[in-house]
Every structure is written in C-alpha cells, then in structure tokens.
Amino acid sequence: MIYLILFMALPVGLLAFYTFFKRGRFGGIVFEFTLDNWVKLLEPLYVGVILQSIVLAGIVTLLALLIGYPMAYAIAGLSPKWRTVALIAVVLPFWTNFLIRTYAWILLLNNAGWVNQWLQGLGITDAPISMLYTPQAIVVGLLYMYLPLMVLPLYASLQQLDPSLREAATNLGATPWRAFRTITLPLSIPGALTGCIFVFVPAMSNFVIPELIGGGKTIMVGNLVRDQFFEARDWPFGATLALLLTILLVIVIVVQTAVSRRLTEGPRRG
Amino acid sequence: MRELEPEARPRAVRKPRGILVPLWLGYVFLYLPILIVVIMSFNASENLFVWKGFSLRWYPELFADEKIMQGLGNTLIVATGATAIATVLGTLLAYGIQHYTRGGLIRAFAIAPAILPDLLLGIGLLTLFSLASVTLGLHSVILAHGVFATAFVTAIVLARMANLDPSLEEASRDLGAGAVRTFMRVTLPQLAPGIVAGALLAFTLSIDEFVIAFFTTAPTQPTLPIVIYSMVRFGVTPEVNALASILLLVSVVTVIAAQRLTRLTGTTR
Amino acid sequence: AETLDPNADLSEQTLTVSIWADYSPEDLAEQFEAATGVKTTIVNHTTNEDIVAKLTASADSGIDVAFVSGQYAQALGEQGLLAELDKSLIPNEEHLYPEALELAYDPGNVYSEPYAWGTTGLCYRPDLTGYDPTSWNDLLNPKPELVGKTTMLSTDRWLAEPALKAAGTSINTTDDDELAAAKEQLLETKSTLLAYDDTTFYSKLVSGEAAMVQAWDGWCNYGIAEDPSIKFVVPEEGSDLWVDTMTVLESSKNKEAAMAFLNYILDPEVQTWVAENILYKVPNKAAMEALDPALIESYPTLGITVDELMEQEAIVDLGEDTLKYVDLNAEVLATN
Amino acid sequence: MSSAPLLRVDGVRAVYGDTVALHGVSLDIAHNEFFALLGPSGCGKTTLLRSIAGFETPAEGRIEVEGEDLLRLPAHKRPVNMMFQSYALFPHMSVEKNVAYGLEADGIGAAEVRSRVADVMDVVGLGPLAKRRPTQLSGGQRQRVALARAIVKRPKLLLLDEPLSALDRQVRASMQLELKRLQHEVGLTFVVVTHDQEEAMSMADRIAVLRDGRLEQLASPQELYAHPASRFVASFIGTANLLDGTVTAGAVEVPGFGAVIASHALAAGSPATAVVRPEDVELTADAAAAALSGTVVDTYFLGGATTISIEMPGHADPLLATVHGATRLERGARVGVRFGRATAVAREAGAGAEASAQVPPVAPEAPAPQEEVSA
Amino acid sequence: MSSAPLLRVDGVRAVYGDTVALHGVSLDIAHNEFFALLGPSGCGKTTLLRSIAGFETPAEGRIEVEGEDLLRLPAHKRPVNMMFQSYALFPHMSVEKNVAYGLEADGIGAAEVRSRVADVMDVVGLGPLAKRRPTQLSGGQRQRVALARAIVKRPKLLLLDEPLSALDRQVRASMQLELKRLQHEVGLTFVVVTHDQEEAMSMADRIAVLRDGRLEQLASPQELYAHPASRFVASFIGTANLLDGTVTAGAVEVPGFGAVIASHALAAGSPATAVVRPEDVELTADAAAAALSGTVVDTYFLGGATTISIEMPGHADPLLATVHGATRLERGARVGVRFGRATAVAREAGAGAEASAQVPPVAPEAPAPQEEVSA
C-alpha cells in the first residue's frame, strides 16, 4: 500500500494537481489556477473523440469477452497439466514486441497483403478488399493486443467454480446452455468485469494502433493524450484527459465491487 | 458440507470436445501474425512488404547487435523484478482489501494503475523521480513497472477471491495457525491460479512496455522495446522480425523446460 | 553560461548522446573515443516529441547531447534547458554553409549546430500516377484514379503544410482565418487518402499500395533505394526547410566533451559519411562537395542546392500558438 | 410394486482411477416405491445416485427408466432429480431462486413457479427466509433448501442423498411426513440414502444394503431385521449379539452357550452365526437358577430404555440386552440369561472376529426386552 | 464437575445484520465434561461454537476459559479446536496433511506429527486413504477427516459441530467410543452439537437445550427426560404426550382425561401441561373395563419396538404408546389406556396448539412400555 501511495498516488496526484494550472509555453506548467482544462473537455471535438473511443473500445471489449470467455472456459476445464501450458500459450505471442505484431497485421491486412492474396487466390474476391486503415482494422488490432487481458482474469475466476453447482443445475433440468447462463456466467462476473476493465481502458488509451493500423484517420482518446503531452506540450490538459479516463474507470470499478459483493454477499461460514 | 469446492470430484462424464474449438480458433488468431513475423524474418529483402527470397542473413546480424542484446538483458531484469514485486504486493494487497475493506474506493485505488494511461504514469513518475532526485536506471523502471503490474495482479487475485470459501481460513486459524501461516499455507494455495495468471500478465505486460520504461529508465539502460521502437521508426525490418522469432523460440523452450522441470520435481498438481 | 575550460582533461569525462536510430555511423562512439578519449555512449530516441518530453520532465535526464529538429531546439533553448555553445571549442563550424549559421529557429547557432537538413515534398511512382505531379494540389485534390492511393504526414507542422503552401500562406502562420481555410482543405483531402503515415510511407510506395506520398526528402530516398523509378519533387508553391540539430543540455556535467563531440561531428569527413549513408543532405559545405557524384545521380534529392533549399521556409517554434496546430491536427484527424 | 420397474440398475460398475466404487450393482425399483440405500461410509451410495443422475458414467452396466436407456441421455434430460449430499446450493441466488430454478428451467409460468415455490418453502419451514442467500443460513436450513429444490419439481424419480442428516428430530419428522405424503398423494418414487436406520426402517418399502460397492441384501425392513442374509447385515441393521458356532437341526451349537435355537435353512455342520437381538435376550434376577448367567459390566440409559452389557464367562464380547425404562441392575450384579428368538446366518470361516468387532458398545437405538428384569 | 469452570459463557448475544442468533446465552462448562448442545435447526448452536472459537464477535457478553477473557484472544491463540459443520477441509492438501496441519502450526517435530497423525487416521478408520485429496472422498469420509483434524491436537476444549451426522451407525458408534475415551483417558472437554438425541443422551454429562437463541434448559440427560423444564423441552427431548390442563394438587386436570397424576411444584389453578412419555402409557386389551379408552389408528414398527397411535375421543392429537417388539394390535382395535408416570410443566396460555404440533407422528426412538398389550 505504501508502495502504491508512493509510486502511484504521488505521481498521479501530482498530475491531477497540474490539471488545475496552465501549460507552460514549452511544456511543464505555470502555477496559475484555472479550471479551463476541465472546461475544455466539454468542447465538441473532445466529446466527439471520447464518445468515438468509447464506442470502439466498447466493441473491442465485447468481442474480447465473446472470444476470450470460451477460451478461458476451455482452459479452466483442462487437466492441471495442460492448463498451465494453454495459459502460457495465450501470453506467449506477447513476449515478442508489440510494434512487430502490429506490423504483422499490416502485412496481413493491407491491399497487397496476405489475406487479400489468399482471398483472390481462392477466387473469393476479384479485387482487393480495403481492410486496413479502417475503424474495423483498429478493432481487430486492439482486440489482438488485449485479448490476453481478458482471458487471464476470466480463467482465474472460472477455474475455481465448483462443478457440482453445474451438476445441480443440469440435474434440475437446465440445458448445458442454461446452466452456463444461470450458474457459470453469473459466478464468473467478477473475473469478466476485471477482464473488461483490463481491455476497455488500454484500448481507449492506445494510440499506436489507430495510427498504424487505422492509418491515422480515426483517433482515440489515447492519441489526444499523446498529442497534448508530446506535440502541444500541454501537460495540464493531457493530464486532464488521462484523468478523465481514470475517473471513468474508477466509477466502473466501484460499481463492479458493488455487483460482486451482491453476488457473493454476506460473510460465509462453515 | 461444503458448498464451494474449487476442485470437486473429477467428473467421469467427459466434457464434449467441442468446447476446445473456440480455444483452437483463439490460438489461430493469436498466432497468425506471429507466423507472419517468423516467415518474414527469412525475407532476403530489407523491405517488409516485399518478399525477395529466403535468407538467413538477419539472424547473425541480430546476434552481433549489442544494443539489442543489452536491451534484451535489461528487459528480462525489469520484467522479472517487476513481476516479483507485483506478485508479492498484489497478492498481499488483494488479501488486505478483501479482508479489511468493504467499499469500492480503495479497491479502485489499488487497481487504478492498471488502467492509468501509460503516459500519465510515465511522465508522472519521471517528474516524481526528478523531484526526489532519484537517479534513473533499471531500478527506477522496475519500480515503475511494479506499480502497474501490482495493480493487475491485485485485480485478478481479487476477482478470484470473490468466490473463496472463508471457512478454510477460519479452520486454519482454529488449528492454531497465525495470520501469516494461514495466509501462506491455506489462502495462498487457494489463490494460486489467480496469482499465476496475474504474474503471467505482469510479466507479459512488463516485457513489452515502452512508454513508462522510456521515461523512467536512464538513457544508457534502454529496455528492448525502447531499442526496437527506435529501430522501427522506418517500419519493421527483417532483423527485427528475426529478433521476434528468436524471442518466441526462447520463450517456448523456456516454458517447455520449466514444465518438464516442475513435472520432474513433482510440484505440479 | 558558465565558462568552459578549453584545457579540460576530456578523458575524465563521459558522454551520453541521444540520437535517432540509424542516423549516425555505427562506430561513432568508438571513433570519437579514439579521437578524444571521452567515454561515449550513443543511445536512441524515437521521435522529437518523446525526447523533448523526457528532457522537460526531468531536471537531469543523464543525457549530454541530444539530437532534435530545429524548432524543438528553439523551444528547449528558450526554456533554458540548453547550454550556450562555446564556439571556441567548435572550430569545425567553419565548414558549414554560411546559410547554416543564420537559420530562423536559432540565428547564430547559439544553442544548436545543424546536423542534416532537407525539405518536404511529394514522393511518387510515375508508373502508378501516370504523370509527374508538380503542385501540392496534386496531393490535396488528387485525380480520381489516385483517390485512396495517397498518404500524408500527420504530425506536428507537416499535416497543415500542403494546404498552407497551396494557399500561398506561411507554414508558420498563426492567423486563424488562414488556419481555418487550411482545415477546410485538409478535411476535404482526408477522404481521398489511403492513410496518414509518418513512418512507412516509402514502403507503401514500394509495395504499390500508394502512388504518391507526402515525404521528407531523405526518407523518399529509402524508397528510391528499393525502387529506382521512385521520384521526388518539391512542389512549385514551395515547402519547408527542416534541420536536424545537435544540442548540449544545460544539465550536462560534461560540457567540454559535449562541445568536442559537436565539433567532431562537424568534421567534413564525418558529415560526408552521414550524407552517403543516410542519404540526407548535410549543411556542411566541405562534406557536400566531397560527395560522390554517382550518388547524387541515384538520389536526386541530394542534388538539391543550398540556394534551392534556402527558398523554402524554415519551421520555427510558435510557442503558445503551437496549440493552434495541435488543435488543427486533432480536428482534422478526429473528423470522419 | 407394479410389474415393470420404474428404474432398473443392471450390473453397474463405477471406478475412480484405481478405486472401484461399485462392483456391478443390480437392482430394480418399482413405481411409487420408497427405496432406501443403506451402507457404511464409502460403500458407494453417492456414486450410485450420481450414476443414475448422470454425473458419473459407469464403466459397465445399464441403467434404465421405464425401459429407456438412461445412459444415453444427458443429465439434464433425465427424468430424475437429485439432492446432493453437499447441497450444491447456488451461492449467488436467494433461497427462493434456488428453489425456483428447476421449475424455471422447465419453462413453467412465473405465477405457477411463485406459488409452487411458496408452497414448498412452507413445507420445509423456510418461508420467512426466502430472500436470504444460502451463505446466510444455518446448516440445517441449507439442507432443507436443497431438499426443497429437489422435491419442488416432482419428477418421476427423486434421488435424495442424506436429505435429513443435518436436521433435529422434530423437523426431520415433519420432513419425513412430507416425503411420505409426496410418495402416497403425488405418487413419486424415492431413492433415499440414509445412515439413519430408524429412518430407513420406518419409511422405506424396501432397503438395499450396500457394502464395499456390492449389494449385500435387498429386502423389506422387517425382513432385513428378522432374516438378515449375512453376518454383516445382521450387525449393520439394528443391534445384534452374534454368536458363532456350528449348524445343528433348528439351532446353532455355540461353544459355551450350548444350542441356541435359531431359524435357518443351512446344512448341518457348516459354520454359522446365531443372531440374537438384544430385546430377545431375557434376563432373570435368579442367576443361580438359570442355565446361562453372566455379570453386568455396564448400563446405558437411552431416553426410555436401558441397554445392559453382560460379561459371559469364556466369551470375549459382552452380551447386550435391552430393558425398558431405567434399571436397578448395578455394575457387578449377576443375572441369568435366556435367548428368545434367533436367526442363523452362514459364516465364512474366519469372518467372526472382524464382524463382531462391529457390534457397537453403545446402542443408539434400543428396544426393550419382553420381560423386565428386577434384580 | 470441578469447582472453577473451564469455560464460562456469560450473556452472549450475537447478531447477523437484523437477525439475532443468540439472545444472551450463559452457561458454564466444567473441566473434563462432555457437554452437548441441542436445539432445533437454526437455533444458534453453530453461532455459539463460532463465538467461542473466535469467528463471530458477540455483540454483548463475555466468554472465559479458566477465568481468562477469550474475546481478547485472536482465534488462533484460543486453546480451543473446532470441527466445522461444513468440514472446511483444505482442498489442496492430502487427507494426511489436513490432519497434520494443526500440529505443524504448533511447531511439533516431524516424527511426532507423523506418528500422531497415523494414530488418529487409524482411529477414524481412514489410514489407507491418507494420501487422497478431500475431493476424492465420500461424504462420511470427509467428515471423519474433519473430526480427525480437530481431535489430533487434543486441546483443552474441543468444539464439535455435528461431528458424526454423516456416518453410519457402526462407524458412528466407534467414533463415539473414541470421543469418550479421549474424555476419560486424555481428560479433554467437549462441547458437541448434535441433533441426534440418543447420541446426546448417551454421551453427554450435561445437555443444553437452545431454542431461538435462548437457553431453554441445562441439565443431565436423565433430568431433562424425567423433568423437562418446559413444554418445548418435553417435546424436543424424546417423544411425549402433552396433555394441557390446569394444575391441581399432585395432578393436572386435563379435559377429557380427568386428573392425570403428575409430579410438579406449580400453583394450583395455573395452566399446565402433563408430560406423559409413550412408554408410560399402559394399554389394556379390555377397553370396556378401563377408565379411558381409544381406537388404534396406526402402528409403526421400529426395529425392536412398535409405536401405536391411538385416537382418543374428544382429542385432536392422537396419543402415542410404545410397546416392545411387534404388536398384534390392528388399526381400528379399541384399547384401554392408563397413564403411568407423568410430570407437569407450566404452560403459557395459548402455547398449547403450537407445541403439540411438534409431536412427531413417527417416533424415531421408541422404548417399550412396562407391560405388553395383547389384544
């Protein structure tokens, strides 16, 4: 806790503090109190980008959940020996470099890229389909980037589910799907929410993928933050944008806590 | 009679193989780009987008590149250090939060670094280190990575704790084990899958982290992503692809070796 | 500024130099060390932006010499982060073109010495465009067959450049109306683009994805290296003059060695290497004159003369008003 | 019992890794029967229920319901509801939702679900706790929720794994009543695992005694008590004095006790055990006049009856006798002993010692003998 | 009982949110006592044990062990071991490790741990299963592991929450024997929760009856049975016929039954209930000659004894009588009825109906009456 206060609360507090001051001409801050930075968030430009980011990151999160859940579920069902292997296999691609993987997607998706070549080779299409430099491509790129962040927490919470609960449900006539929906799913909500947060937030604040895979034509909050710090050298406003992201997420976590408390309510006892 | 049993009877009824299909599809998705990377590492051309025939020439070049090797070493040190910090602190923090707090705020506070935009954390930490006259180096990156990695471990372990049976801890205390022993012998093993998942995530994220590392490391101690980022400003070269391929190979070998080893010493369950 | 000791024992000093990757001879550190006895480490940064942010956020980043583009050197200098250069320790400055001593971002080279320079233009594949573009309008309002086959730079001041120049305005303008007009144009252009690309545009030319791209002259050469049919043109409306410079940090404790390093780089031999190997023009008269003519044959951008270069407008830091460009960029990029 | 059985279990063998939990068990259960499964801890009762419910796949054997092969059906399609020994209550649902779960799974309308759940909640006496989570209940309350959840669906066949073990006698009695009502009025069929013999004896139409994964005897309660098929059943069901000896006509010749009159159909001369229930041991105060006599070593008062343990000369195990009410017999008193009814069961040579160790020194259930002893 | 109590519980009140689980319970437990806690499901037994063990903090009251305030000590420092109703076995440890856990926590040497664990594993009959995981055990086997884990430490005070409920009678009997042995030979003190009355009656030195979080009576088994302090205790312990009436000298005047002779110390004229145990109801075949008579409505055979339910004219609840062995009485037969011993307990006005509903129609335990009825 002390560690966190020292290395998390202090720097973030410092920057939170910045949000109430003016930018220096060359970066840094000028200690002159202002609320402008927070007011500025309300400008249509920023509101628009924030909303667009929420939509894109939301789609990414949803897809990650849809793809990651079955994966985590399958892994949790493996024998202990294979579980570890399968789990590591999920993160292994990520021990290479992020930019390298991103470029690989460019190679796959561009007009002269592998996927288009396959499609044309198989006679499915005549002309290349423009896949790269679109919002859809951003979604694929972000999904790829953050899928493990969904799978791991889900695995951790699915792995401990008591199989006899599912047995009880099937015994009461629930189809496997219903048993899943009414028993497994609700009990894995803490893990799923954690995974969703893990995916949603970095997806919002990523700026490389929109740039490289999205062709820079769609920008997200991350690009804005980056530009404020790097190009505008407007740290107070950059911090304001970044903190807005954080505040949004803190709200989500508080809600999550309430939800999972409700799910597992009450002191449990022998 | 127990209502929650993490690993109740292994069921004789086999799960349908069908549930493995999405898993395999997921792996295809995860490994397809990696396959491209490996293939392109044998490209004779400098240009990533043009295939000019098979060549092994990038591999020797890679090993000759001191910067890359230094970066790799630094990255492993940082990732290991940060993972160690995160695993220990994250687990303790999750335990503390679950046992001694009720509201969501402290929880949110503990998880926040996982969701703070890198830039904010990176620049904030650099400012802090600078104010405190901390000299930069690998230690400062380890501390910095430790911050967000801890948050990831905390969040995952907390999610796992949500369904934990508290009577096990009670039983342990009842049998005379103090808080520490109870934690080590009973709580920890129960949380193990969550901790493993969290540690894996922490390691993975640290290995590939660029922004925070850039700001908090000494310029003379770049981590691998920093080295690679400066290299790929013109686009990825086959040399970098070769690097990625080797990283992958090394990881696979390490993992298999570790797996073998644990099986030999019989510590896997 | 403190006075430097011209007789300082350089072998007692160490030097950390931050530069873009692949932008200097590989054995530069060894060579310099052999020449002066200064223990030297070369480290890399990725962009102007990231190194400046790092230098701004920390009192002592551990870096002695930083390579940044002119307008960034200007900004850093005005913040007091840069040491004034002690010209007595940089006699090699004399090899520079006279023009290179009076550049707008740092007249008199008080804080910086130029390392390489160039301009921005259109890099294209005649076989794909079917004609030779001459104007920024060829990019801004492409022929129908080129729609979806062009890219633009998206960062900093380069995004607005084509629109500003096409309208005959200064690339350093802070006039709101002029900027608004540029924005209109850029938004129109956006829908015709394949992508914004600041890094791999030349690869897109080589692969045929793009037919024409906005490019820095030096990077166009990377395309030409792979596909000699690729051409570069400075549009008739004019363009910018960019300069990558060397600066010494005020926080440096090894200023004598740093000055010695700058001096060493300005040695014509070293700068000839830069031109020949990274295919950028250098502001060093002696070095440029030593250049192999065959190289200029293959890479016509190297043949751009100083006079031609001086016709272009130097980019300067706009201080407070930089925000106008940041907002302009954001608005263009965020609008669909 | 109607002619075609509701449930047929045929040669079912179940294994867990190296452990064989069931060695080929066969039994039929009729429509509307109340069937009890009895047997020592770990004998395979739960495994058998789980196999019927579909959570274990037998290594061998068939299970049929009304002639239909059950093993082909996935668990959720089997016309069977099971109450789990470990309850397996859904921790994220209120008590009420737990109970409603099975009805909702069948797509029954909300109104009917509500009323049926409310009814069954009243039956198990948990109406006021409907909104609680399982974690907020006491052990017995949880067990009743599990029971309610299983019975609310009224399936053809109900499998109850120790449904009442955590309940006090009063609640247990009213639950027993309810189960019997379901059997008679609604026409359900029950397979109930219990370790409570009285429960099995009083409620079951038939009882199967399992031992080490094998069916030892299947009979009505009276039959089991009066005519145990083996030494094991004799000692497992009720309390018994097991007197090892050799078969003679109409009796067992027991060393030290002489001929103990016992009903049997065994070949003369074969080793056998005479089974004498404690209430069939008659005590007389006049030890001297009796053919057999012993010394009282202990008395246990058991809420209405007293069990007396008597040391017999030349016998290691004390003889147990039960008398009504409190007794005035003191430790050390000499009493005369006479055997009333007895049955004989065949005995594998050498089985004596092991089985007689199973006679409990304290008899939890203890009916009184025919005449009271006044010493 | 020695003079200073081992455990003193004083005015303990425990709440869960809005639910009051204990309303100020006070009791003392002596050194070396075998103390049983009895009471209906949900009455607060587990809560009391958990408070003593340190897992619930009472809202009010004191708990002392040998005069030392227990509430100040954290759970792991209390000289108390508890066996959990839900077992709470460590799923990641083998059976053996589970049992060794408490000893290892005390820093006992490996060799001693090994031998003590091996001993206790044999005692609970699980020696061969030592290497298994709890999840690989049957219900009863798990319960025995939980028991072994609690007793292996031999603490001053052992709290056992339904330690034997999942066990068959044979194993249960040998466990009971073992617990008694620990009490006598090793000198341990036990507080055992059980819903098995015979177990409580036969094993306990004293029994506390809890009801709705209140202590209803605390006495020896015989005392509880013979002199219940309340209508509730009378009906809860053993089977009883509860006859509501008005106190007269040496009797209770019961409408329809006349004066029922009963021992009491109540004021004449106050409302009271005569408690008559079924074995104290004497039946005569000659109904005409008897002062009271009724009609047999049902008979239940209970492995050694039969309980007969008799409808009495003008009374809603049937009268229960127990006879030894099987009976020849048929449904519909008329019998004469005479009351033997009876006690009277005070009755709050209006308490009658509710309490008499608690008389179970099937009596799990049923000692026989003094004389047999032959009809």
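Order of writing sets the chain letters: A, B, C, D and E. Residues in each chain are counted from 1.
Note that in this section a residue touches a chain if its C-beta (ideal position, glycine included) is under 8 Å from a C-beta of that chain, and two chains touch if they have at least 3 such contacts.
From a predicted model like this one, the values you see are computed outputs, not experimental measurements.
**Q** If every chain is reduced to the average of its C-alpha atoms, which one ends up farthest from chain D?
**A** Here the answer is chain C, farthest from chain D.
**Q** Applying the document's contact definition, name the chain pair with more C-beta pairs in contact, B-C or A-B.
**A** A-B
**Q** Based on the averaged CA atom positions, which chain is farthest from chain E?
**A** Most distant chain from chain E: C.
**Q** So how far apart, in whole Å, are chain B and chain D when each is placed at the average of its C-alpha atoms?
**A** Roughly 56 Å separates the two chain centres.
**Q** Using mean C-alpha positions as chain centres, tell me how far chain A is from chain C in Å, no decimals.
**A** 35
**Q** Just the number, please: Cα centre separation of chain C and chain E in whole Å.
**A** 91
**Q** Show the residues in chain E shared as contacts by 2 or more other chains, in ascending order.
**A** Each of 16, 46, 55, 84-88, 136, 139, 161, 166 in chain E touches at least two other chains.
**Q** Give me the residue numbers in chain C that touch at least two other chains, ranges are fine.
**A** 47, 50, 53, 57, 199, 207, 209
**Q** Touching at least two other chains at once: which residues of chain B meet that condition?
**A** 1-6, 8-11, 48-49, 123, 127, 163, 165, 167, 170-171, 190, 229, 232, 235, 269, in rising order.
**Q** Name, in rising order, each residue of chain E that touches chain B in their complex.
**A** Those residues of chain E that touch chain B are 53-55, 74-77, 80-82, 84-93, 101-102, 105-106, 133, 135-136, 139, 142, 149, 153, 166.
**Q** Tell me, which parts of chain A touch chain D in their complex?
**A** Per the stated touch rule, the residues are 162, 164-165, 167-176, 178-179, 182-183, 186-187, 263-269.
**Q** For chain C, which residues count as touching chain A in their complex?
**A** Listed in rising order, the residues of chain C that touch chain A are 47, 49-50, 52-53, 56-57, 75-76, 78-79, 148, 151, 154-156, 190, 193-199, 207-209, 319-320, 322-323, 325-327, 329-331, 333-334, 336.
**Q** Enumerate the contact residues on chain D facing chain E in the complex.
**A** Counting only chain D, the residues touching chain E are 16, 19, 38-42, 45-46, 85-86, 136-141, 144, 161-162, 165-174, 176-177, 195-199, 201-203, 221-222, 225, 235-238, 277-279, 300-305, 322, 324-326, 358, 360-370, 372.
**Q** Which bits of chain B are touching chain E when the two form their complex?
**A** Residue list for chain B touching chain E: 1-3, 5-10, 165, 167-168, 170-179, 181-182, 185-186, 189-190, 192, 269.
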